[in-house]
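In what follows, chain A forms one complex with chain B and a second complex with chain C.
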Partner chain A sequence: MSLTATGIRAGYRGHSVLDDVSLSIGAGETVGLRGPSGSGKSTLVRVLALLHTPDAGHVSLDGDRIDGARHRVPADVRTRIAVLFQSPRAAADPRLSLADLIAEPLRALRRPREHVAGRVAELADRAGLTADLLTRRPHAVSDGQLQRACLARSLAHEPRYLLCDEATTMLDASTQALVATVITEQQQRTGMGVLLVSHDPALLARRADRTEDLPTPPASVR
Partner chain B sequence: MADLALARPRRRTLRLRSGHVGTTLAALVLAGAVLAGLAAPLLWPLDQSAIALDNIAQPPSLAHPGGTDDLGRDGLHRSLYGLRVSLLVGLVAAVVATVIGGLVGGIAGLLGGWPDRLLMRVVDTISALPHLLLGIFIVAMLRPSLGAVILSIALTHWLSTARIVRSELLSLRTRPFIDAAIAGGASRARILRRHLLPHILPKIALATTLMIPHAVWHETSLSFLGLGLPPHLASLGNMINDGQRSLLTGAWWASIVPGAVIVMVTLAIAALAARWRDRLDPRVRAELNL
Partner chain C sequence: MTLLQIDGLSVRFRLRDAVVQAVTDLTLSVRPGELLAVVGESGCGKSVLAHALFGLLPRNAEVTGRALMGEVDVLRCGEKRLAREIRGRRLGLVPQSPATALTPVRTGRSLLAETLRAHRRDPGLADTVAADAGLDAHALDRYPFELSGGMAQRLVTALALASDPPLLIADEPTTGLDRPLVDHTLDLLRRRCDNGGAVLLITHDLAAAERVADTVAVMYASRIVEHRPAPDVFAAPAHPYTAALLDALPDRAFTPIPGHPPMLTALPPGCAFAARCPRADTACASRPGGPVACHHPLVSEAVA
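Our next item is the complex of A and B:
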């Protein structure tokens, strides 16, 4: 059981960012990923999250090869992989309250109203979000509070894999600790595999079971 | 430091007050025009083909506040009916243009790739043509009527809406919150309904509102050139055109009254739309403390 990228070459409009990159995240495992700026860490996360189609190579989810990305992949497959983005501001629809933000993935799959309400309350509680915060919109909360709501949202479907793209970089130490605790609890409870993308060697040494390095692509590829 | 801190709020209060006065005035003018236009057929019916040869070219008076034209018709009375036509044409043409522009921009922005390139080249090509000339060509192909004028305006004014919708969609599509929604299992329809449309609808509505005064002027221009409504029907463009003849005999009111009506109403709509635009822009909203 693993989320695996094999021989990935990917980029944007003919500009390659990744060339022949492979990575595997096992169930219950925490894999660290580090690399210099521009090395394609976020692109690899997008490929693994089935949000970006690679130019070559493929992604396998629990042994099944996945072709295509975004809406070409069925919703029940997409929801097995969750992403926690670096900037909670960019990753949150500014029109939605924090409660709606957390409920959105559940409503997207037409879960019953009572189930959604119960699940939002449970996820918000785990992320340390009070009832007062849940009624606020993103502009009325701090980055840390918003990232906790994004974390709650990413766990809504009990994903098998969580990809954290420098998700705690811009947070204060206490929020970093809370996010890490929630992820660890989820991992222990469900056996979720985690990819931690970070520039921080201390964080990776502390939290990752193993760390992979993404080299700077050669000039010809860049 | 203390002096500076005291001086700034005063200036801001003054700006805010003057903005409110302008907005209130514009809202009153527009509300008055719309109410008068709606109530006119009930309270002050007009026989479009009636003339009064014993009342020709009378200057403004209590009996005829807008004077009479060279056929003895009341200038203010006909201006009111002309305004009804202008507002109706402006509103319907702006809505039709928005629907066309929204569909073209929506398809281009959502699909991207070759449909986007193809549609945007069509938009560029039509933009390169003078739109009044194109409007005249379209209306000349049809019989002069209200429908022909609306079609002519709508078919030449959808381009800006298409560009706005397309650029907004292209920008929104790549935002991480859309990625998060896709990863969360949202379908294409849900993303459009829940995340894309709510973001672009206020901008589309604003573009439509800003288009109304432009469409009103376009209708007036076509009528002025004799390509709008039939000459006997009251239209602001027809009246300004008819009034030209009277200018030579000193009857200035025949053109000035319908001209003043269109200037006041279109300025009021433009002012309200500009205020709305300011409210939608967070930076301007913060500056004006709205």
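Our next item is the complex of A and C:
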């Protein structure tokens, strides 16, 4: 069981970012990914999350080769992979309350209402969000609070793989440690595989089972 | 002499069914040449402090206290005067969320040239200002959505530098940068201070604060709980909260502080850290005061 990218080439508007890159995340495993700024870490995350179609190479999920990206992939396949992005402001729908934000994936899977309410309360508490924050919309909470709501949301439907793209860089040390604990617990319980993109050597040393490097890009794109 | 003197600043947000006490009775000053780091747990009020000074708070915010830059109280002087005399000219801001701070339909170069022009500087300086922020000139021709998170971060830093303000507030300016670029940014901020400017650096990165800050203000649940010279804070934290925060670092114990910070809609009357503090006793039911807001500080000299 693994989420695997093989021989990926990908880029934007003609400039190539990744060339023949392969990476695999096993069930229950925590893989670190590092590389200098501009080396394509986020692009690789988007490819693995089935949000970006590579120009060459392919992704396979637990043995099945996936073709295409986004809406071309069936929802029940896409939701097996969750992503936590660097900027929660860009990722969160500004019209939803934090409680609705966390509940959305569960509602999309048509879980019963009481189940959803209970699960939202439990996840919010694990992510260190106090009750007063749950009725607020994103503009009325801090960046770190919003990121923790995104974390709760990403864990709500128990994904098989969680991809964290510099997801804790804006959090203070204590909150970072809390997020790590929450993710590790879920991993132990469900066997979720985790990709951890980070520039922080101390964090990677602490959490990753192994760490992969992306090569330095040509100077012109740094 | 001070560049900025904040006295008794409080910010409350009125919500339908509650009041959020985001900043409480905050007093700080920044003098030329000083790099002041503000650190503290997520949600403790750091960005609200920055937004209050920059006049960016939403309409449901209630602000009391004073924040003087020279003769001007930036909390009271009104939007017109802020726009004309303060923002960019005397006070710059690197916002925390670069992804949303950038206009999506303009390239970095056009944003940067416009800011330079608005401040009567040569728009041809765009490449130089970007390079100062560690951003390669090639990246300026891209649209914001084509930039990596780290590039967008350096672009908003460059935009704040473009007007060359004497006081710069930088809210998590190293987010998403790799080590060499983090160091580049920190050195840049330090250099501004060494050349007579000043920087208020909001950061979660305690190692960064230790490296460049002259003074550190630690915030907890809307208040400053410890404000001392940086070397002292790191060598011998005086407030139990500061000590716990340092211990949570990945190269130290990496344990979260037990429990949650209190809800800012229902702050306790006594010490707000009491529920999580190993040193708490009955005295802590009343609010501690002083430069270290604690009844039982870890370093007693600090209180004197």
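Operating definition for what follows: the second predicted complex is superposed on the first by the 216 of 222 C-alpha atoms of A that agree within 3 Å, B and C clash if a C-alpha of one lies under 4 Å from a C-alpha of the other, contacts with A are read in each partner's own complex, and residues count from 1 in each chain.
In this section, contacts are C-beta pairs under 8 Å (C-beta built on N, C-alpha and C of every residue); 3 or more make two chains touch, one makes a residue touch a chain.
All figures in this text were calculated on a predicted structure; none of them were measured in a lab.
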Of chain B and chain C, which one touches more residues of chain A?
C
Tell me the contact category for A:His71 with respect to chain B and chain C: first, second, both or neither.
first
Quick check for you: in the superposed arrangement, does A:Ser2 touch first (chain B), second (chain C), both or neither?
neither
Go through the superposed model and pick first if A:Ala90 touches only chain B, second if only chain C, both, or neither.
both
Should A:Gln187 be classified as contacting the first partner (chain B), the second (chain C), both, or neither?
neither
Of the partners chain B and chain C, which touch A:Asp143 in the superposed model: first, second, both, neither?
second
Which chain A residues come up in both lists, the one for chain B and the one for chain C?
87, 90
Interfacial residue positions of chain A with respect to chain B in the complex
46, 49-51, 70-71, 75-76, 78-79, 81-83, 85, 87, 90-93, 95, 104-105, 108-109, 150, 153-154, 156-157
Counting only contacts in the complex, chain B reaches chain A at residues 175-177, 179-188, 190, 194-195, 198-199
Residue numbers on chain C that touch chain A, as the complex places them
13, 15, 18, 20, 39-43, 46-48, 58, 96-100, 136, 138-139, 146, 148-151, 172, 175-182, 204, 206, 244-246, 248-251, 254-257, 260-266
Touching residues of chain A toward chain C in the complex: what are they?
12-13, 34-38, 42, 86-87, 89-90, 128, 130-133, 136, 139-145, 147-148, 165-166, 169-178, 180-181, 199-203, 205-207, 219-222
